[in-house]
Structure formats: structure tokens, C-alpha cells
């Protein structure tokens, strides 16, 4: 019983980790980056590669993963993405789908079609039991800690710092922001780098539970979108709550009502979109 | 009279010429396989098997040289694509034999083409039982799902496993496996204490594993498509100490097949499965096969799909030798019926009644052999027919 | 006799901010009524409430004596209430004739026809052509809207509104951004409109207002300060008070418009209208 | 007066020489590629599918990531009907159109809410739910194994569907042409123009008295019905339905085909389908594993640098030729 709740929270946090990057690019930059999964996959491969080929310890890979993803993110942002900031959502979708195709083939070319093995350090694997029949998976606990920490940090960054304020201004009205002498481009690059880094981190942390192969970007795209749709893009708290709710409902649903299968989570998504297009926790758009 | 003679003579001549004619030109085998997309690995392994056979046994049978034409029907689940490619093979490339078929939908979709075009069709993997009933020109050299499911059920019942919890992926094969396991296991006096069908693309097995843990069955019967799901499940299985708490894990052998067993890692140790082929099968034929395979494709390990391709090609070769190179559907199927041979997987034969394969099913356990994870056979059900057709 | 258009105690709140603060307004049939006031006085918001572009927080809107507060924008248009927009909302990639004919079809009830081509709807095309002739647009009838000068585009803005054959026409700064010479010309055409059309005009250029209007309402911070004949308004001390220091207003209007809330959100460029504006 | 003023408007609706030429292609193809008819008829079907998307996306501006929902619904409708013994092709198409249209009407209520992004996700969601449903209802759909045992009766009671795909091809092309002709009338009609008005400036239309939602629901339903017909055709010409007809990749691929060809011009849909399917066929033949890579590159390129697709390129080419021709005349 308690275990189900715990697993639910863990699953929720995992959802949060793999989708928060998208929430950043979509919500804060209003860019529909369906290639989010590609960045996550990149992070996954970097992590596994360092781990298995160079024997870098798992925890040590994470910062490297974030750096690499961010770097690639900046590169693509400067060369391609910026061209589409003004464009319609449709164009952004098409563009990022194209990017997804390319990434899939590239991954297939370098790593082959098979699943990548990931061996966690013993300190992160296994499970310990607490009184009251609560079994705590160490890795899940680790995810929860990381996830919540990350959420807090991001929330603070967006709401509590000058950068956050600048960012929000730049997004709400680029023209005005430029007028006020803000370096909008710099802000966008930084944000995109952040989004990519988060995607990479999510991917790396996800490998253990989601697996990793070239189809990754397509397979989990739905889950990213669901979280953003329910959470309301662009607010960190929203995506966290949404992820937790989805996670707990999903786990509980599977535990007590397995027949429902994937319907449940899709249902939640549709209902939200129809009745609260701005998301459960989204601020009502000014338009 | 004379006129009669001459007529006969000319007929004879004609016969000779015509037969001579077709003996000369090569025999074309059109293969429909998923070479890209999610099931690319299937196509790869089957092609390996076929080419390996031609490389080791020569490429001319019944006086006719074999020519392969391979078409990619990715994603492999789109019957319309497979059917179109089969049509092209027949109409445009003028193939004599249709072969391959990674997944059930493509076999189902192509069967009518074989019937209409009167071409023999050799299935090298697709495993749904009913496939062979879809065309009289169809023969299967791989396996059927029930064939590999029933034995593990009866083995479990025989070996002190009373209560089983079944967990299968929620798609055609998964449902079939579940049904067959229940049938055999309950018939043998076993009890199903819980059953779950999980979405095919499922991010987290935690809740299911927890459910199993709380139900405390003697064993879990598992059927998942090879890939992310399997790995996640196996890892969770050990992480949550189900293995430690003595809950056995039983499944069909495609779960820990040689293609992905390394990705599962040590979590797979102790997994008990029933299957028709293991790289570790002890026989001179298999030793030779494995050696040849390792030489030809050092980056991959031979698995049941490669053997499906290998035996499929063997079947075609033997038939051609028997018919002297005649691949017309009726003759081909007649020759194929009741054919027996020793495959790398062990003794196999084609059931004259169903045109489906009859083979020995082995019970295996995942162990480390020379640092390599292998399915080690320790029990067997000889000459086992597909129970799905009864 | 019943007013052509009437507002009763209209209130509109955006969160805490009160954009329209209990506006009551009655426009007689055939009137030439002007609505003036400093920027941010809530003139455009009022128009949006009257036309149903926005739903009021409180109060009601009456059209020819019927309550239309609840009826949708397009229904009000069918009842004869048309408007133009402060910032062009045109159909960039359509020819002038095409877009006006489209509007005419809507009025003639043939807009849902899906069999005959629009060009074959003679009635509609004729009506559109006449309208264009009246506005001296016939020579550019087949030009693409986006290729025309801004002054012409303002005329099309009006042509589209007239195509619905309104009984009440709300003009939201029809001359905004139009060079003085052209704006005169534009007002000539407006003056020629038949009396069967009641006109409510929002305009910053005071000479235009005083040449055109017979009644004027002055709005300040969402409420009507006063209403009267041009003479009365000109004499009103409070109005001067309001406009004190706003002498240079007409000049700055354009720049302000860019930053004013009425300016379209970023990204709206996609619909072509903003592109036309700049 | 009308005559000369309306001239250009009418001209737009009139059939051009190039169009007649275009429609000779499928006829010629029948004789030139007699052994590729299977592929050709699937191209025709894809073209029809793309056409339906063009109506809502290219003309009315409704974005969709789940158009396969209607294609698949049509496919299953035709398939189940035929399996129930009613194998008449035309009857099957009618059923496919009806069921898919009905679904379109219902879902249009959801889709019309919200902006592009919401629409993208709602359409995606609807598609996913249908796929999941088809996967679960194995009794009806055969799940992943696909729906077999479909017996299609001869077309008009005389032309049986042969393995060479002759009947299938002629049938598909005929249906494609019929629907195209209808669509062509629609886009030049007042209704069609008002749809373009909605795409170009949705905010202005109500101010002209247009009931925007009603129009969009109408066209969305129509497009769904056409997609259903395309699906029905696929079922009848392959006599098989695989669950893949409902998959997300199918929707994404369709979007890609349309953008490649060029949105907002019916021919863009057709040309996109022809080019894409042929390229896929050839590339997949060359190196199956990596054709997706090139596909992705092309898509990125098109979005960034050639947003008006092949049709746009053709138009520019035509324009250049025209001008060059003119100058030569002047010189001479």
C-alpha cells in the first residue's frame, strides 16, 4: 500500500525529470521541440558510453552528460532553431520531427538497434525495507531526491532570480524586451542550453527504467507531451504536480486496475486539454 | 499412326526442351523481411541464417542456382506493405518462392498472394499458430507460440509449481501465450493466482512487480516482446528481491534470446524458459553452425531467428533436390510434407497434415558459460507438435 | 424612438483592472457619433464589448431595441452591427475583390455554397464591385491585399465592414497611420455614406472629429465623462482638462499604438495583419 | 460588368492545360509500369489521404497530428463490413466515409477548442486512444495480427481484384479523381474561400458575420470522411487491415508528405504523395536502415528554406520560364 504510493511518487518524478526540459523550451520559449526526446537519448548514450567504455562512475557521468547535451543544444540553437522562433507551431513540429528522424538513424548507425546495457553502482541498486511494509527502492529514492531538488532549483531560478525575470520579459514580449535593452538572443540561447541539459539528464537517469535504443525519441514522446499538456507548459511547479499526479494515478491504476492499460493516462491528457487547454496549473494565457 | 508417332515425338521433344529450359535458369526466392524500424533485428538475423546456409552448403540445388531478392516490409506490422511487396516479387521480379516473414501480420497478409499466384511460401519466423491454415502452399520452418508455451506450463506443473501469476504484453502474441499457458497449466492441475496484461510500450513495471510480490505465487509466467520492457522487468524483478524471495520466473525462450540477453545482464540468471533453439545446444550440427556464424558475423550471436532462416533455406534446398529443381507449388508442398532433418536446433520434421514444423522443445536455464550468458538445456519434450491447432 | 445601438451600464474587468466602468451610451438611428478620449480611456475595449468580441462582466448591449448581450459576434453582424479595426485585420494573400466578395456572400447567405465557384456568384461579385467602385478601389480590385499601400488597406478595412450592409458601423480610428492627405479623402468617402447607416467613430484627430460628428462622447479611464454636440464639447472645461498636455497627441498616437494593449501579441505576424501594419 | 470584373475570379476555378496534362500521367503510368500497379495504387491512396489533410490544414489551417485516426477507422469499417459478407467495394467506401465522417464530427467538437498547440496534442491524443482501442479489441480488429479473411466482391459486379493490381489501380485512381474533382470545386466555392479567410485571419471572420466554428466543423467532418474513403480503399485493394493504419508514424508521415508537396494547393498533396512514396520505395531499396536519415534532412530543409514545398518550386520555375519566354518574344 505505502509502497504503491512510494512507487507512484518515484514514477511521477521520473516523468518530471524526462519532461521538464520540454516544459522549459516550450513554456518559457514557446517552442514546440518534439526533438526533446532526441536530446534525452543523447544524454542516455553519453552516460552509457562513459560508463561502459571509459568506466566513469555513474554519478560522475551526470554532469558531463548535462554539459554535452547543453553544448549540442547551443550548437543546434545557433545554427537551426533560432530561425524558427517566429514560426508557427506547425513548422516547429515538422522541423523537430525531421530532427528526430535524423537522430534515430544516427543513433542506429553508431550504436546499433539493440538495447544498451546499464549496470548501476551497488550503492544505488537494491531495496531496503521500512516498518509498515514499506519497501524503498534505492534508485527510486535517489530519483525522488534529485527530482525534487531540481524542481526547487528551477522554480527559484525562474521566479527568484534576475535571469528568470529577464527571461519572462523576453518571452512575453520580445519587442518590448529589446526596447528595454535586454539581450534577448543571449537569454534564449541560455534557456535552450538549460532545456537541452535537463533533457540529457532526464535521459541518463531514465535509462535504468526506460531502457535505451534508437527508437527512444519516438517511444516516449507521448509521455513528455502528456506531462506538459497536463502541467501547463512553462511553469515548473505545474509540471511537477502534474507528473506526481500522473505517476501516482498510473501506478495505482496498474496495481488495482491493470485492464485499463494506457487508456487512463491518455484519458487524463485529453480531458485536461479539452477542459483546461492551458493545463491544470497553467496560468490563463492573456490572449 | 505415323502422325501419332510424330505428335508424341514432338511432345517429348517439347517436354525435354521445356524441362531443360527451366533446369538452366536460376530459381528466384523473394524474401519479405523487416530490415529497418523497430524489428530490424528480426530481418537481420533471418537474412544471416539464409546466407550462412548458402555460404556453407553451396547455392545450387536440383540443378538450379538460387537467387535471393530481399524486400524491406518495415515496420513489419503493416500487412498492406508486406502484401504489396509480395505482389511485386511475384508480378515484377517473377520469383518462384516467397519466404521470410518476421511478424504474423505480414505472413497473414501475404498468404492469399501465395494461394492466388500458386507460389510456395516458406515462413521463417512469424509464430502465430493459425498462419499455416491461411494457404495450402504455406509451410513453416520456425516455430509456433503455443508449441513453445505448453512445455513450460507442463514442466512447471510437474516440478512443484502450484500457483502461477501470468504477466503478458497486451497484444496478439501475448494474449495467445497467456491463453495457451493457462490451458495447459490448469489442465495439469496448476492454479493461476493472478494475471496482468501490460501495455506494449510500458515505462514502469514497478506496480506489476509489487502486485506479484504481494500475491506471493510460486512462479511468474512472463511474455513480453524482446526489448526495453523485458530488460526493465528483469531488473525490477531482482531489485525488488522477488528472485531472492524464491518466486521463480518462467517464460518462453524468445525472452532471453541471444540477441538481448547481454543487455539484460546478470538479472537474467536463473530464468527458466522453454524453447526450440539455444546457442548452447550440444550437438555437432550446432557446434558447426555456431562456429560458422561467429566467423561470418562476429558482431552478432546466432539466435532462433537465424536458425529459422537457416532451416527455411535447408527446406527449400532439400525440396529442390527432391523435385529436380521444380518449384511449382503443388510439387513443392508435396515434397516438403513429412520431410525430416537434423537442424542445429535438433531433430525436426514437417507435419504432413498441417505443413507446420514438429520439433523438440527444450527446458533451459540462464547460466554463465565461459563468462557468457547462455540458455543451458536441462530437460526436453521430443517431437512436439503445435498444440494450438487441436 | 428606439436607439440604433445602446449600452446599459457596461462593465469589463481584466483581473483587478477595470477597463470599462459602467458605460451607458445611446446612439440614435442615422447618427454620426464620435467617441473620443485619451489613450487607455477604454474606447477600443468598449467597441469590443459592443460587437461581442469581448463578453462584458456586467451590463447589457441593445441593438435596434433588442438585447444582444448574449449573442455571438457573427450573430450581431447579421443583425446589422459592423466594425472596422484600429489595426488592419485583412486577408493578406487574397485579392481585394475576392475578400470583399467573400464578405458579401456571407451577407447574401451564399457563403456556405460549396458547388458553384465564387466567381460564378454574379450577384455577390456585382455587389462587391459596386462597393469597390464607391470606395475608388475598382482599379486595384485584382491586386493582392498585401501589395497595397497602407492608405488603400484602410479603405479595404472599411469596404469589408460595409460589405455586410450594416445599419450600425463602428469605426475604430479609421485614419490611424494614414497620411493627412489620404485621411481627408478617406473621410470624404465616409461622409458620403447614406443616413441609413448609423456611424460611431473613434478618432484622435480632432479636426476630423469635429468635421464629421454631430454628437460626441468623451471617455476617461473607462467611463463616459460627458456627451454633447461638438460645440458643447469644445466649450467643456473638463474636456480641455483631460486633453491638457495632450496637444501633441495626434502625433504620438502612432507610436503609442505600438505599445498599447491593443497591439497584437508577438507571433501574430503569421496572420499577415501585423506585417501589413508595419 | 460582372463578366470582366469577375473574370480573374472565374479564371481561378477554370481547369488549366497543365492540369489536364497532369491527369494524363496516371493513365500513361498504367501502360508504362504494368508491373508496378500495386505500388501505384498505394500512391493514389496516399494521395487521397494527403488531399483530405490538405483540406483542413492547407485551406482551413487546422493542424493535426492524428489524421490517421480517420484513415484507420475507414479501413476497419470497410474491412469489418466485407468480413460480415457485404463485400461490395462501393458500399464499403460509403460505410468507411460514413463512420469516419461521424467520428470526425464528434472529435471536431474537441479539436476546435484552443490554439494550434492544443489542437496538435488533442489530435495526437485521439489517435493514440483509437490505436490503443484497436489493439485491445482483438475480437473485432484482430489486434496486432491484423484483420484477415476479407472477401471483396468484384467491382460493379464484373471486375474482380486481380493479383497484378489492375482493377485495384484503376479503381483507386478513379476514386482519387472523383474526390479531387469534388475538392477542387469546394476550394473555389464561397465555402472554400471562407475557409481560407479563416486561415488567413480567424479573428476578422466573425466580424464579417461568419460562424467560424460551424465552418470548421463542416470541413473537419468532410476531411475525416475522405480520409475514411482512403482507408477503405487500402483495405479493399490489399484485402487486409493491419493496426498500423492507426499508428502515429502514419499521421506524422502524412503531414510530412503534404508539407513536402506544398500545403494549400490540392496538387501539392498529390505531388507530395507521388514523390515521397517513390523516393521511399527507391531509398528503402538502396539502404533500408538509413533512409529515415535523408527523410529527416529533407524535412528540415523544406521547413527552413522551401516552406511552400514542391508546388512552390514548380510555380517559381513556371514563372521564370514564362518571363524568359516573354523576353525572347520581345527580342524577336
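Order as written gives the chain letters A, B, C and D; numbering starts at 1 within each chain.
Here is the rule we go by: contacts are C-beta pairs under 8 Å (C-beta built on N, C-alpha and C of every residue); 3 or more make two chains touch, one makes a residue touch a chain.
Small disclaimer: the values here were computed from a predicted structure and weren't measured.
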Winner on C-beta contact pairs when A-B is weighed against C-D: C-D
Centroid-based (C-alpha) most distant chain relative to chain A: C
Between chain D and chain C, distance of the C-alpha-averaged centres to the nearest whole Å: 40
Chain A and chain D, separation of their C-alpha mean positions in angstrom: 34
Chain B, residues touching no fewer than two other chains: 40, 170, 199
Chain A: positions in contact with at least two other chains: 88, 108, 261-262, 287
Multi-partner residues of chain C (at least 2 other chains): none
Contacting residues of chain D [partner chain A, same complex]: 57, 63, 65, 110, 113-118, 120-122, 124-126, 128-129, 132-133, 136, 248-249, 252, 255-256, 259, 289-290, 292-293, 295-300, 302-304, 307
Touching residues on chain B, where the partner in the complex is chain A: 38, 40-41, 44, 170, 196-199, 201-204, 206-208, 210-211, 213, 227-229, 231-232, 235, 239-241, 259-260, 262-265
Partner chain B, residues of chain A touching it in the complex: 3-4, 7, 10-11, 14, 108, 113-117, 119, 125-127, 135, 137, 139-140, 208-213, 215, 219-220, 223, 250-252, 254-255, 258-259, 261-262
Residues of chain D defined as touching chain C within the complex: 1-2, 5-13, 185-186, 188-194, 196-197, 200-212, 215, 218
Contacting residues of chain B [partner chain D, same complex]: 35-36, 40, 72, 74-75, 77-80, 83-84, 87-88, 90-92, 104-105, 108-109, 111-113, 116-117, 128, 134, 170-173, 175, 199-200
